[in-house]
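Below are two complexes that have subunit A in common, paired first with subunit B and then with subunit C.
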Partner chain A sequence: MQNEQLVKDLQAILGSAKVLSEKLDLLSYSYDSSFMARNNRFVPDVVITPTSTEEVSKVMKYAFNNNISVTPRGAGSGETCGSLAIQGGIVMDLATWDTIEEIDAENMQVQMRPGVIHAELNKRLAEYGLFFPPDPGSSQMCTVGGMVANNSSGLRAVKYGTTEQYVLGLEVVLPNGEVIVTGGVNCRAIKNVSGLNLTKLFVGSEGTLGIITKIRLRLWPKPKARGILMAVFNDLEQAPQAVLDVYKGGILPSGIEILDSSAIKAVNEYKPDINLPNAEAILLYELDGNPASVKWEGEEVSRIVGLLAANVEWSTDPQRMSELWQGRAVTATAAARVREDGSRIFAGEDISIPLNKVTESLKKIKEIGKKYGIGVVNYGHIGDGNVHTAPVINPEDPEEVKLGAALADEIHLLAIAMGGVTTGEHGVGAVRSQYARKEHGAALDVMQSIKRTLDPKNIMNPGKLLPEEGNKHGTSTSSGS
Partner chain B sequence: MALQQVPAVKDLLRKCVRCGKCRSVCPIFKEIKNEGAAPRAHVFLTQLMRDGELGATADVAERASRCLLCKSCSKECPSGIPVDQMVVAMRHHLHDLNNDTTKKLMLNHMFKDRKALGRARFLLQSYQSTGIKSLVQKTGVLGLVSKDLDKANKLIAPVSGTMASKNIPETAPAKGKRKIRVGYFLGCATNMFYPKRARDTVEVLTANNCEVFTPSDLHCCGMPHIANGDAESAAAMTRHNFKIFFDAGVDVIISDCASCSSMLQGDYYDQLFQELPEEIAHFKGKIYDLNKFLIDHVDLNNDLGQLPAVKVTYHDPCHLVKSQGVTKEPRQLLNMVPGVELVEMVGADQCCGGAGTFSMGHYDLSRKILDRKIQAIEDTGAEILTTSCPACSMQLGHGLNEHAMPLTVKHPVEFLAEAYRQAKRSTKIS
Partner chain C sequence: MQNEQLVKDLQAILGSAKVLSEKLDLLSYSYDSSFMARNNRFVPDVVITPTSTEEVSKVMKYAFNNNISVTPRGAGSGETCGSLAIQGGIVMDLATWDTIEEIDAENMQVQMRPGVIHAELNKRLAEYGLFFPPDPGSSQMCTVGGMVANNSSGLRAVKYGTTEQYVLGLEVVLPNGEVIVTGGVNCRAIKNVSGLNLTKLFVGSEGTLGIITKIRLRLWPKPKARGILMAVFNDLEQAPQAVLDVYKGGILPSGIEILDSSAIKAVNEYKPDINLPNAEAILLYELDGNPASVKWEGEEVSRIVGLLAANVEWSTDPQRMSELWQGRAVTATAAARVREDGSRIFAGEDISIPLNKVTESLKKIKEIGKKYGIGVVNYGHIGDGNVHTAPVINPEDPEEVKLGAALADEIHLLAIAMGGVTTGEHGVGAVRSQYARKEHGAALDVMQSIKRTLDPKNIMNPGKLLPEEGNKHGTSTSSGS
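The block that comes next holds the complex of A and B.
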């Protein structure tokens, strides 16, 4: 179909203000944070910004009838090209649809539209003494819709788990335009085992099965107290032991994060006020709960970790805690600071490893980096084995780009070989579908048949999550990372 | 300077990881909401232009114009990308190619040297007293600023009868023993719209052992030119201004205008000079915002009289808080003054949407940003609004007017001056 006709038809459905077709707008939707998007131009044919279920449904019916692919998009903070129209078609920007419809404090639930920003939601919930615990490093920018679609988590997954644990129900517009509700959107029960768990099917489906238009989340009481312990290690290998020792001591921190020496450097350059000590590794433990238990746990963790660490700092001062935690939260991007002409790339950045293999994986990643001559900043959620790595290259040097892609591939294969997975939270998108067969075996066929049932014409975010059917090796046709 | 050579573009562009953190703090994005208006889109478009993937067109210029240069994004970017500098570089690049004579004419008419400012004042004054038609017939100047004269009309603060520079001596001696010779950069807007503020600045400085040198032949600081893509004029004016202060042998340069001081401190020097001219290098590190200078470098005279009790709130100009990190100093000054009660507004450091000529070219967008600010001011219940930038003062004054709120807008230094005068009055009485 000609673009002009497509634009006209969509304007007839949505009105012209919600249809973006100027070249510069389309270009602005050709990237997310991924390395792959940096090296390719995935320009959509048109971008739309619907703000009602009815609008989304009409558009999907239209797309279904005319065989046009549709890619949902939140804030585009994803790392895997998930929100890019790699096969052209419509990008549906849901970030403008950002209403919190109801905070049901008595039933500890909230209902909202997909575009609500994570940090904004928690700001609003704080007024009720409640919170939505998953806490991605992209909290200030990512949408709750994007989080649900990606099953995102982050700094506090150790204790609070991932998004899926909080989704009570969803409203979803299927590829053919039909609107369904799953789980508890129309009921207020917190416990619900009625029927096949369709909610879980859509959580983490990365926009390949339908558009999430309404979300009901269960909430938790916001803990009354919080403390952060910083442990400094002169030997990287001691850090993972200090994680296990705390668990053995019967304490479950809300977060345990690691920064290696280059991550420490990056943070200090970004925000000198934070002033982290130079060391081989720093562990940050976050403890939360009621004031008495946080106090006791802080002392106990200090004692346990103090046996291994060179230095331990325990703080309950809001200013210092926010500095330390913010320091960790910005490492992802601040990594670029370690090399003057370099940029951090989001490639091979999100493997998840068995807890007892974290040290080994960190060492091996350093070795892989050395092999390719690429500096790699290591940080991540060590408490649950979700290791983030930040290769720093000059992304405008074609040689380094190739090396970066090869390095990412090696890190992914390392994860699988160590009994881990290629992604702990950032998702599969277009960049990791090539590992799907290796990771899932025959289960991949089941996934593909579910996809066929719900999306027989393969118009819903094609080219993501699952490798093209018929490709027995599961190799992705896309390139770049 | 060609786009490729601008240091921000050449060395920093590649560091953008497109994380979108800048989106979360951009006032323009907050209103427009789609990615095309996000700071990272500016970075991306700059990259495409640098690489020749995108030509210099009116569409690109329109995109580049949708930025307040408020630096909210640049301050927060974890990769250290100065997005505002890229926008400026883009505007300059587009300006070079399009040779936008309209804007050039406007900038040369209104803000360049004192004579041009005098002409502009005359024109504005007749405009304000005789109405749009006659002015447009006479000159056509305002028509060049904005397509929508009605709106532009409302935005411009009343021009004072006399420009400040007419009433301020070139050298004002220190009242006590002279400790320092201060160069006062009297910016165009303070000069034309807020002459009392300028006199109060000199009064407070001289009352604190400063000799104040206020040159009569200054040019504009160049910010409006840089913001409109005319880097050459900005560079020439900057050179001219620094030479005057250099020749006059001042120890420091201060300004009561946030935009002037941030410009003088070198926010965009990378784009103006391959190598910093000697006169400018000499002053590096010796240019201050007035509030900061008074707090950090002057042993402030504490002889302050009691003013009638008044509740004030303070708006942080972007060019102070994000560019210079000056936030506590103006508040310290206000808190010193007996009778003044400072109440904080929500989001005091959020942009007011003025940004010089931006509010004229994008009135409706600017107005939305402004309306949020006015609501925050109203919520404080303050009787007087304070800020440290004449451009913000104009924009906020306009907002207050539109909302029929009777608050006046002042610089903290005006309270200090009044308190000194009050102290003198009470001594006379007693």
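The block that comes next holds the complex of A and C.
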């Protein structure tokens, strides 16, 4: 179909204000934070901004009848090309549809449209003493719809799990335009074992099975207190041990973060004032709960970790907590500035590995980096084994771009060899589907058969999450990942 | 196929020791705890007890090629006919396959075969200071395989969620005999967003999509302390308010249980020594965590609930806790003995309703009971709205059996009308699939299309969870439910 006709048809459905087709508009929808999007431009044919289920349904019916690909998009803060129209077609921008429809505090839940910003939601919920626990780094910009589609998590997954744990139900527009409600039509129950669990199938499906148009989330009482503990280690192997010993002590912190020597160096170079101790690793524990609990656990974790660490500091003072956390807060930015001519790339950056393989994995990643002559900054959620490994290259140098891609590939394969997976929270998108066969074996065939069943024409975000059908080895032809 | 041939073929696959075909053996596999099984005998054609993935796979290939139904079974402690061969065929008893393959304490997880008993697992895990939090009433007998298939929960779901929250991966034998591993082949990671979430699709699928042959569970540090608070209310409406007020106070107890006046009466008649105060409702809060936290929360919950309740008692003394809990511990048994000539039936017994509709629902259930002249004993997990409503009838009286079924139907429809669902934890099985269309609307079609995709010959536990295909209204022809 010619773009002109496509635009006209969509204008007829949505009105012209909700259809973007100017070149500059389209260009601004052609990238996300991924390395792949840095090396390619995936310009959609048209962008639309529907704000009702009816509009989404009409568009999907039209797309289905005309075999046009549709890629849903939240804030575009992803790192996997997940919201880019890599095969062209329609990008459906859902970020403007940001209504919190009902905070049902009496039933500990909220209903909202996909475009609500995570931080905004928690600000509103705080008025009721409630919160939605997952805490992605992109909280200030990412949409809850995007979080559901990617099953996002972040700093607090150790104790609070990932987004899926809170999704009670979804309204979904299927590829053929039909509208379903998962988790029970008109349901406000918290516990529900009726029927197949479609809700959790859609969570993390990255827009490949349908468009999420409404979200019902379970909420938790907001804890009244928190504290931060910083521990400094002279031996990398002590770091995972210091995680495990705390668990053995019967304590589940809300988060446990690591900065290894590469991240410590990056932070000190970026902000010398922070002046992190030169060490093999720094761990940051966040403890939350009631005030008595936080005090008790702070003392206990200090004692347990103190047996291993060179230095431990514990604080519940807001000012000091913020100082202790400062190094972690700037790590991502610091990693991006390790080299004058360099930039941190989002490739091979989200591995999730078993806790007892963290030390070995980080050492091997250091070696792999050396082999390619590329620095890798390691930090992230050690409490659940989800480590962010950030290669830093000169993205203007085609040779380094090639080396960066090869390095990311080795990191991914290392994660799988270590009994881990290529992605703990950022997702698969177009950049990691080539590992699907290795990661899932025959289960990939079941995933593909479900995809075919729900999306027989393969119009929902094609080329994402699963390798394209007909590609028996599950390898991808995508470049620059 | 003649049974004789079927038995011979299975003996050839498994050896004769693993094939049961004596009438008495088959009879002992013809019931569970459900009301429906009381009124019907679903005798399987043959029972097998495989103890390897290879055996299960061979049987499924054989069953697939010969169009024979297969019904997986754990301990048979269910209340929905879920593990009964209601259309005949093979019952696959997985309870004898009870190996804990590896407690991987370093990675906070365990791998096991489906027949492991829940209480037995937690006994073993306690040696490592770990536990698997869900706590079904049938803990001493139910299998973890059954818990996964039914997404079981129990007393601690308020804080710890249901079984699904802990399932990291499954080995599943598909209806055609193929073996897949969900959550990553050889994976030991805790966090994983790679691929479609097949794990959570199989959890709660009640044996309708495949046979679960291996389970990988995430574990939690076992909390070091707990306490019990009992609160007595003269007005039923105060009970849900006393739940909500505690949440508003920033506290999430591990469990909040209710006994309404009907349950209090039942307990006092069954065990006069327990001598529960005559009241409209009794709430029991269980608080767990570190010792300081439990003390703080015990005092705080006492204060909050004390503003509403006629009487509050809080204890961390093991002896006193056990006394306070005693009434709740015997409720199910007491309910079964409310009448000399009567028995508690498992029908309409597991509704899950929004917290703000609990009072209204319990009052209406009392009225419905009166209309039918049948007493209903109400108790259960008010913290998440999952109330067990136990009708007590004379099961030998055909007229009462009919009335009991009609009453259960009204309770189920009431739950849906209140914004709830017919089952919070016991499952659908053969006894609640007639409500699927009302509960799920068009989403039921998607569930059925997934069922068709994975089980094209409809041999996996047919007649369970979803209404049979071709039945457009989603109504069931099952009797006595």
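Here is the rule we use: the second predicted complex is superposed on the first by the 455 of 481 C-alpha atoms of A that agree within 3 Å, B and C clash if a C-alpha of one lies under 4 Å from a C-alpha of the other, contacts with A are read in each partner's own complex, and residues count from 1 in each chain.
Everything below uses one rule, namely that a contact is a pair of C-beta atoms (placed from the backbone, for glycine too) under 8 Å apart; a residue touches a chain by one contact, two chains touch by 3 or more.
Model, not experiment: these values are computed from the prediction.
After overlaying the two complexes on the shared chain, residue contacts for A:Asn40 are found with neither subunit B nor subunit C. Of the two partners subunit B and subunit C, more residues of subunit A are touched by C. Touch criterion met: A:Ala334 reaches subunit B, while subunit C stays clear of it.
Once the two complexes are laid over each other on the shared chain, residue contacts for A:Glu396 go to subunit B alone; subunit C is not touched. By the document's definition of touching, of the two partners only subunit C reaches A:Leu465; subunit B does not. Contact with subunit C, but none with subunit B, is seen for A:Val446 once the two complexes are overlaid on the shared chain.
When both complexes are aligned on chain A by C-alpha atoms, no subunit A residue touches subunit B in the first and subunit C in the second. The touching residues of subunit C, counted against subunit A in their complex, run 105-108, 128-129, 150-151, 153, 157, 161-162, 164-165, 174, 178-182, 184-198, 200-201, 203-205, 208-209, 220-224, 244, 247-252, 289-293, 295-297, 300, 352-357, 381, 384-386, 419-428, 432, 435-436, 438-447, 449-454, 465-466. Within the complex formed with subunit A, the residues of subunit B that make contact are 11, 14-21, 23-25, 33-36, 38, 40-41, 44-45, 48, 54, 59-60, 63, 77-80. Considering their complex, residues 20, 22-25, 27-29, 31-33, 37-38, 47, 49, 75-77, 93, 95-96, 117, 119, 138, 140-142, 270, 330, 332-334, 336-337, 340-346, 394-396 of subunit A touch subunit B.
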